[in-house]
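Given below, in the form of structure tokens, are the structures.
Each of the next two complexes has chain A plus one more chain, namely chain B in the first and chain C in the second.
Moving on to the complex of A and B:
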């Protein structure tokens, strides 16, 4: 990528005047005299505000508002920056290289967003920092070149704990761009901390998805000998290139050895361990498939929701940020609910106890929330099983107050779904759609048998 | 129990003037003319307010403030109420009977607190309401009489979703009273929704516990054919009567059949399914024991923290209510933290992502919380595994801001522990003790192998 993608209006004119392209190292002086230096980044925001995005030397992105009087000077061209980076200079550059096309292989796009899969240990402090580009990973895993024609680019570089709904929107855009550009599968390299939330976001926003999309990460950084980055990436590319269905999945180690990976449906997956390689597991659902990367083999474990090419992509992007996920605990005060209502939240996902309960002293505040058009959804902190608010009096009181039970949906998925619904529907319709299965997030049947076996 | 336990001041004088005893069915007319009818309940609150507690005909308890001019009339004595109940009259009575002592058996006290194990279906509405007394359960499970000399009483009747720290304190008192009265084991019948929180509360407050304490419940109400109440109660009484260790445990079905129950350490257990009988499971720990109720056999699965009689009971009761459990999610706004600090919360347990992270935009608010002497503790929403905040920059920033990592402690246990610590220690000491293993809540070793096997 080069040119000035995403830039319009005053920002574009200022950059054009300087002959700047994305990837150049520039100095920007605003009309009120502030000075910024950094790499010119592409502009992904949906708003048309005149903002120039720079990646500063410290690795952070900054959006600087400009007018026609702002001055930009190109200090180093993108090519010079890349040359220096290749020579070992530290540069958190948006390296946007394409590998040569290999004829006949499925086209798979790999998008880097940051996280451990693209990270290395910072030896001064011993901490892990994002640094590797997707290309470097691909160089380290040459096998993927035999599975697919890979096109890789870095679309952002943030640790997944810093992922937010506005970044989900950018990833949705980028994945859609790849699919519209002919990708037959997409791999999104992502930090593991919030990967399951992003997977759910993609699953809801990419309606009629025609190709498989794999989110992949690493529990150990890729310059450690024990890293799972290569194994997982190979499995994810296999899923993207060859899986028969067209679903968003998290593709990660299925057990602690290097035997197989699992593709988990994006709306049903959860990070269940702080450090194990097989931290990601499906809840209330079977994984979509077991993937044996070294044998280049995919074993389906259930029917996909949708086959490749069955539908046409309809992007329904946008997530409401005024939605909260609130886990109930025995000493919880109703003021927590009142606060969210007073602050203008439009949706609250409760992570209640058991079949979907909270202390009855919260009922009045919940009723007030519902009466204020806040959509209040009930999930369970047990994670496994289905809420049923008709069994006990407390559940019935909450139903009467207007709480919407989220069936057997994960709390995290319900949070993402409600954010997505409230960005496009009135509360009444959002309440209805919470209980409608849109992306495999709700099981039609009882899933009592999908419970793990616990060690004794 | 009879007399007027717990009543002092004006409330006691009003009741004494009427010749009323706990268990009598009384009419109370307040000095401003309001009329209440119900069964006089014992008074457990720590405050000295002049309040009379009645169990109304609808099954709910009410606390009525009285002055010297209030009038009480005994409409039916406790004996008459019991006679009518025995003859089948519907009466949610605090039946405080003792069974005849069987010589030579260990003395086990069973305390009823409410919940499904002591509930039945309300046929008009189809909902489950608390109604059975512990005695009725014991009548239904005569086997327990061969295992222990049972003394049973109902200490409260609330659904466990309505359990709160102030009720934990009452349960701690009642368990301690039984132990001081010679009980060689205690069973607490409790609703399942928040049973794990209460188990942790007892584990911290009953220092030097000399006998086993079992919390037990039912996932199906005891008048349904599929109820697990009898099986679980039998297992719990076995644990209380015969287990070699002296720990607080949750004793519930270990699998879906009626083969064995498991005793889970109270600080390591979690309700993991909305409806399965084996919903309770140990996290990052092995269960203490497997119990075969029909064979009257206990198979230890690990060493207990403490043997029976090894120490003397020291009750350290009291839980700070101004403590919050906050689960992180990608769109979380820092205002949620600010609000808690502004409202005078003394402790916040964060349920972060992965190894113990939250979005970096929260760091300033967290630092402000710590600077205001709020103790901020980090756990992981993965549940399994140990937080480690030294691996990534975000973790290190949070440590620098003063966040205390809670090792491999469950978020719910960390919440209970912090509530307990802040009721008795200064913030500095509470911060230190969060990381010290006090009741088996922290594992000394890595427990990577204690991860369930997930179905494919």
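Moving on to the complex of A and C:
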């Protein structure tokens, strides 16, 4: 990084006059006579105040207000600063003393899509740089080398919230390529916000999946000692290398402590907390397995859909982007539905109330949608439980209007599934397949234990 | 040959070129923690809490540097078990939620200190992450922010001591203990705001270090916005002498220990330099030490050993390894601090790098069950010369023992250069022990979860109101306003109860004298403490309640120490209860009159013989029955009157008609 990122106005003018750029070691004298020395930092703050940020010799950053009369002198250039720092650094110490044996371990591919599972911090700026070569992963989390022969590469660099269906298609392709190339398991590092959507997309598109695929991320960035990245990665690599089934799963912390991770079926998992390590939960289903990374142990919790190597991979890629996921609320107006229909949407997943309802004033618009060949699917905003539209009158009216009840499917999964179905089937067939269990997204039996409760 | 004992009285710190800098950490009395809305106080007993276990991974800087102490702990599989009390910690302390914005209240208190030191306040405060991987921070770093730079404080001696920086930071979790590979921490203290004041290394004597810490501590208390009591203030020191090294000493809680620690560290550095000079005199070089230090397995020598430690280790499949320290004969037994020998320093390294329990060295052998013959065979196995060389033994798993001895050799080689750079921890007796090698420069990264905080005019105006006076000014005020003696004023300034004193001295004026109230907070508490009363358990409310009772006349002043002792020993008891239990319920004047009359009657002959001089006899008879329940002066007054009556009757003087 160089130049003066983030600086505007008086601060920028003062710095430009001195020929200073970020990373230089400078002396700053303010117009009221205060003197500061330190490395010029980029300014990330959103405010436009004329403030210069310096990293002092003691490592602290401070912000100093300047005006046109402030004086800045560059004492050392960024190049000189970095040269000195490198000269003073001791020889690197590896995290582990033992080296893993290379032969005979399962081959696992790790694909990066933009999470920061492994990253390095630049001391001078504090910037976090992703590090994702096989070597870098083995340097940061050397334990994985004892579990699998790791091949890692970055396939894209997308913030989780910027993920789109067309990127799912790319990830499907890349995972398929690894499997066809002989990978015995695949790990996809992914930002956590939309990880569950991507997991569902992979689960539908990778038909006949012969090896396990784990999506993994971190709720605490990997530049901090308390990061969950290494723990999760270790668990994900264990899942990819050794799990008996061949399913797409989200592998993340199972509880707040570092004891076990859970592998959640990709079509049944949901991020249920903004910040906790154990944010991911299986809904209406048990997790596939509990994974103890330190003990290198996998404890299955239910039967996988498919065993390893039981089938051949058939990739059915492609997602329709003209599909909407709409949450119903008491003030919702019918024009929301009308808008989607008029704009050529091909599918609408409704997140209705309770057993699968919306205000009866929407029924006409929904009927119009169905009549226009838009597939309308009903899920519930309660998340837990199954929709049943036969119990109340409104439900029956909605059924009559042509709404397809999506059983116990998560709204997000129903959205991904509809998007995938509409990319390859006529509306009629899509309506039928929504209710057919294709990737573990639908369960026929719910037992009493499938619901979290407060401990007594 | 060197003198074996290390004698602190032989050290003149100024002659050695002693330089000391202080880092004072003081908890602030804010309502909430620094980065969340939990109350900034410790949890009570029996509070419901959650428990979770975590690991911390050493992070690597872009230059490949890893914190070596953290790396060792991690390799050993160190796990941290956190206890999270629900009233005093939340997801922020559990590292399960990003920190909230920085507590302005804490920043304002720090700004007040900055004003008092005339420091340069920064315009925008940036929170940094200082990597700390001993588990005491769930995040693996301490959040810390510089608020001001520079400034100075005047010491009572007249010397001006430079201030380097004033920072606000979060306190760490409380360590509960260790159990195997688990270390237990309690999360209530984590996140309580601290102020960190760093002085320049301008301090030149142990006494000056004390004076500086005392003065800065007093100023902190004079803001009225810092916590009081044990563990709320901690000092770190850096100490060096000419030719020595800047040694960091962590976590000194007791102020009175400070001069001793400084003196002992100066002594240690002096002694290490003397050891270096002795080695040079013997013509020993680093090369001699390192190249003559092959590690030899001497387990066979100890097949029949009487040493329990060695026997146990061998039974568990361990080995006994030995190494020669060329040219070190006699030097391992040399003290570097009272009770700590150079061999102890080597043992610290063996423990840290090898994870072993300790070492045996030739200057303490034969001993510990190891015989002279065994020692001789070890010398033989190592081809060492007992006249010239020292030997060191470790009995443990072979891998650990080897690492331990490698570290011992490395440390011995460092002796040829003098004082190695270390971070040390203070012991109770004023000596210090090796904690870890000093990390390079402090590795700090921006806390990207917290936006920078602009220092506003409003904050500076609030700070101005909290700005403490200099302790010397305050002392003058105490003397002038309350008529305290120099001595009482000085003691009160050191007392955490100064603000309470001021409140009560104002409110109870006319009922209790300010000097008396001051003496309760100083002399009386101190003498109770000397008697073994746990006075630290007394809360301000209790002290206040007792003094109010005395002011109302509900108990006599002489009952105050007894009441305080009772309340300290019986946590939770009320003052009323204490008065009742101790039988200190005040008697009324009629009862006193009656008791005095009885005594006077009994002592009639004595009174007739000695007149008013019999007063002490009367008092002696009455007071044991009344102590604490009535003011002695009242008793004396009544007794004097009754005696007068007796004398008057005897002399036949007519009573005045009433």
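By definition in this document, the second predicted complex is superposed on the first by the 330 of 456 C-alpha atoms of A that agree within 3 Å, B and C clash if a C-alpha of one lies under 4 Å from a C-alpha of the other, contacts with A are read in each partner's own complex, and residues count from 1 in each chain.
Heads up, the rule we're going with is that contacts are C-beta pairs under 8 Å (C-beta built on N, C-alpha and C of every residue); 3 or more make two chains touch, one makes a residue touch a chain.
The structure presented is a predicted model; accordingly, all values stated were derived computationally and were not measured.
By the touch criterion defined above, A:258 reaches chain C but does not reach chain B. Of the two partner chains, chain C is the only one touched by A:51; chain B is not.
Of the two partner chains placed around the shared chain by superposition, chain B is the only one that A:393 touches, whereas chain C remains out of contact.
In the superposed model, A:321 lies in contact with chain B only, and not with chain C.
Residue contacts after overlaying the shared chain place A:275 against chain B and chain C alike.
By the document's definition of touching, of the two partners only chain C reaches A:34; chain B does not. Shared-chain residue A:62: touches chain C; no touch with chain B. By the touch criterion defined above, A:85 lies against chain C but remains apart from chain B after alignment on the C-alpha atoms of chain A. Ranked by how many residues of chain A each touches, chain B and chain C are led by B. Chain A residues 122, 126, 129, 274-276 lie at the interface with chain B in one structure and with chain C in the other. Of all the residues in chain C, the ones that touch chain A in their complex are 52-66, 68, 70-71, 74-75, 77, 79, 91, 94-98, 120, 122-126, 128-131, 133, 138-141, 144-146, 149, 164-165, 167, 440-446, 448, 451-452, 454. Put simply, chain B touches chain A in their complex at residues 125-129, 159-165, 168, 192-194, 197-198, 262, 270-276, 278-279, 281-282, 286-287, 290, 301, 319, 321, 323-327, 329-333, 335-336, 339, 343, 351-361, 380-388, 390-394, 396, 412, 415, 419, 448-456.
Listed in rising order, the residues of chain A touching chain C in the complex are 34, 36, 41, 44-47, 49, 51, 53, 56, 58-65, 85-86, 88-93, 95-97, 120-123, 126, 129, 139-140, 220, 223-227, 230-231, 255-259, 274-277, 294.
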